[in-house]
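In the two complexes below, chain A is the common chain; its partner is chain B in one and chain C in the other.
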Partner chain A sequence: MAHSGIDVLTAGSNFSRLLGGLWVTIKIALIAIIIGLIIGVLLGILRTLPNRPLRFILRLYLEFFRIVPTVVLLFLFYYILPKEFNVNLPADAVATLVFALWVAAEMTDIVRGALESVPQHQKEAGQAIGLTYWQLQRYVLIPQAWPLCLPATVNLMTRVVKTTSLLMLISVMDVINIGQQIIEANNKTAPNGVFWIYGIIFIFYFMINYPLSRWAKHLNKRRLEANH
Partner chain B sequence: MRELGLKRLFTTIGVLALLVSVLAGCGSRNASSSHTTNQNSVAKIKKRGTLRVAVFGDLPPYGWVNKSGQRVGYDVTLARRVAKDLGVKIKFVQVNANNRVDALNANKVDIVLANFTVTSERKQVVDFAKAYMKVSVGVVSPQNAKITKVSQLKDQNLIVTKGTTAENYFTAMQTSVNLLKFDSKTQQFNALKNKRGVALADDNSYLYAWVKNNPKYTVGIKGIGPKQYISPAVKKGNTSLLNWTNQEITKLTKAGFFKTDYQQQLAPYFGKEVKASDIIINH
Partner chain C sequence: MSSWAIIQQSLPLFQKGFFITLKLAALGILGAIVVGSICSLIQYFKLPLLNPLVTIYTEIARNTPLLIQLFFLYYAFPQLGLRLTASQCGIVGLIFLGGSYMAAGFTGGFEGISSSQLEAGQAIGLSRWQLARYVVLPQGLALSVPALAANIIFLIKETSIFTVIAIPELTNTALDLIGMYYHTNEYLVVLVVAYAIILIPLSLILTYLERRVRYGTFGN
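Coming up: the complex of A and B.
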């Protein structure tokens, strides 16, 4: 092969543009995860309350974000809702919002599951020594539920990072979108550039997600060891 | 227990359906009222100081990004000129073929200059200005398995990009062809190279350019269906910007702008098969 196409990566400002795209990806994922975690934990605690209408509404929220594909959500929030309600957010903000709402929805279920799996006698013991509802949460339930929901939460993070690849649909200049620009711009001189661009994007995603996935595994192992 | 679960499922579905219909209901009410104010009139754009233009980012030589990260191409050059003549800065919004209409309707951009072919279906949802280019649908296939007639495509996979004229034409007029639809130009050409279909249909001028760099392929069918025109598009009802754009296109045509644009942006990409008069229009 006369031309392997690897210099597509180094030509001009291509590599720094890819890094710029990666930064957009990371920024959106990170802010969405942080906001989503906070909202998700709060709503997750609310879901353990005995209030039926509240539980129903939160369940509906969860199911909506779980059932509707992310592509549809992005399309809805970027193209359809602004048209109908006259709010016009920039693409990056819409992306962050959709991902945050999605993370929050998934988190409510993780948190609820973790809280409910704390043994009943722990809760009863807490009540017996006269703890209030919030004291019970703060000193008994959350400390014990926390390790249970960590691995699932970290897994959710890796899913968020991967799903950012859909953002090109709503004109976000993320790493995939920049990658496609470079591929098309060089298709004539370096048809094999596509391999290198997607290769480097693979490495980027791997570098973010592999440590996360290792961390999830490690947390899970530690939790199991602590239980024995 | 089972019955209870089923009942719950139906309740959930019912409530969801109700929610969606409520959303849709208030949506349609608002949509009609939002038509009354034009947020993208020429005066508003001048006041804002920026023209928001939808362009392609992966379609050389019309709209793409060079290695120094600059947006260039035939459409992009026109976009910059339009913004300059309006006396405002330009802001590019990169779109795919599929979301050009939505970008306008959702008020994400003021004008679309993304190789937008005029069709009667599209005319119902956006307003087209005067054309600045003409093309027709072509079909590209490998040299060693050349497709020269539509009949050869019967029950075969044909690759297209969603939202393009080629997709519309084959969906409406050639129903015996299996369409394999992709989201971006990048994907569709990769699919052809990976032999996911026997051929690929797109605007012919674009295919000429692609074939020039991929000599193993040829444009077997040069023109199919009626001649198509490529125009700037604005949001439906935006007469202010529409009229301005029409005057601008006439002015630029007279000034020979498109000839220069063709020579600089398109000629290096097209083979000898194409002449400037095949592409540009004399109004």
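Coming up: the complex of A and C.
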């Protein structure tokens, strides 16, 4: 009998399983973003130092993570960590690590750009009243650079969420992997279940990313208005 | 067998994958530029009816992952009677995603034109289309070049996701070889180098363009 594929969504525990997979996805994205932000801000500050070798190394780090596609980064860590370094991490830990390092790399550039666009006289004024290096960062540069990096940071978050769709490639039980299991299990009885399952995953991703990208747009507008 | 011999043996296969990656990326990017420029013109002139459609399209395309877009095209669309080959899905997917990014790139360029330029054009009596042809396009395109170059790099990297619908591009080639022969390190090195060969020159060009465009704007 012609089966409407939408039943696949509600049958059994399918929907709660999908939500469980979505939680795995969100958890990995969140942890990676938090770790990546912390490392990225620290390294970003280091990139404004006049130390050439240090800046060169950090630049290399950034360019490597920019040039190699994330799929390839995932496989690099997934295969090479256990083989060459004897580090046996579960797939979701590998994914979190890769994403955190990637977020950190992108963050260094956002932070550096923002710090460098704080007007020079602000820095000189701070030095003139005798602030130490870290005081200068803490009270003068970071508070002024922060609104400059916020829109780019939120945009980076939407990219991280979108990139979590690659988790299934290293067999993390994320929302897409679970979706595929459900599709395969119901393939005989409801062949158009595929449409509904991928449809709902599509909507899940949109529901997470749309508010984030609206927020980024709003922040960017406010920043531009503040400049005028 | 030494690592070098393993790498050499795999090179013909990687070469094939390299050209498939280049070909699909080129077609997808060209299509994305066409779609993106049409969308951004519609948004710029706020054409009735089409403008909200473009907004819906760009929001959907930008806020969902390419992987799910490809799965939809490859696995779900045949249920509706639309059957595409894997490569066609890849190109269509890349155009769908890239079109929205290119549209944003062009729009950013158009918005960067100073309002005095538009007012000057209106003051000498240019019509809307003349304004577009002689004022907005020449300056807006120059301003959007860095964003477009960044999008091109992004889209080339996104072709690595084509591996999930078994298109034998670079990443897929490497994963296949790893699955068959387990020379993981060697194949991954070749893979990274292959992407570097494509992307490093592009990213250098991007840096150069960003510097150039700053001089290209009027009045500086």
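Quick note on the criterion: the second predicted complex is superposed on the first by the 226 of 228 C-alpha atoms of A that agree within 3 Å, B and C clash if a C-alpha of one lies under 4 Å from a C-alpha of the other, contacts with A are read in each partner's own complex, and residues count from 1 in each chain.
In the analysis below, contacts are C-beta pairs under 8 Å (C-beta built on N, C-alpha and C of every residue); 3 or more make two chains touch, one makes a residue touch a chain.
Fair warning: this is a prediction, and the values are worked out from it, not measured in the lab.
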item: First, second, both or neither for A:202, with chain B first and chain C second; value: second
item: Touched partner set for A:162, first chain B, second chain C, both or neither; value: second
item: Contacts of A:79 with chain B and chain C, given as first, second, both or neither; value: both
item: Which of chain B and chain C A:60 touches, first, second, both or neither; value: first
item: Chain B versus chain C as contact partner of A:171, first or second or both or neither; value: first
item: Partner chain(s) touched by A:191 [first = chain B, second = chain C, both, neither]; value: both
item: Which superposed partner A:13 touches (first chain B, second chain C, both, neither); value: first
item: First, second, both or neither for A:41, with chain B first and chain C second; value: neither
item: Partner chain in contact with A:182 - chain B first, chain C second, else both or neither; value: first
item: Residues on chain A lying within both footprints (that of chain B and that of chain C); value: 63, 75, 79-80, 83-84, 168-169, 183, 191, 194
item: Residues of chain C that touch chain A when the two form their complex; value: 59-60, 62-69, 71-72, 75-76, 79-80, 157-158, 160-161, 163-164, 171, 174-175, 178, 184-185, 188, 191-192, 195-196, 199-200, 203
item: Chain A contact footprint on chain B (complex, rising order); value: 12, 15-16, 19, 26-27, 30-31, 34, 57-60, 64-69, 93-96, 99, 102-103, 105-108, 183-186, 189-190, 210, 212-214, 269
item: Partner chain B, residues of chain A touching it in the complex; value: 11-14, 17, 59-60, 63-64, 75, 78-80, 82-86, 88, 91, 168-171, 173, 177, 180-189, 191, 194
item: Contact footprint of chain C on chain A as seen in their complex; value: 5, 63, 66-72, 75-76, 79-80, 83-84, 158, 162-166, 168-169, 176, 183, 191-192, 194-195, 198-199, 201-202, 205-206, 209-210, 213
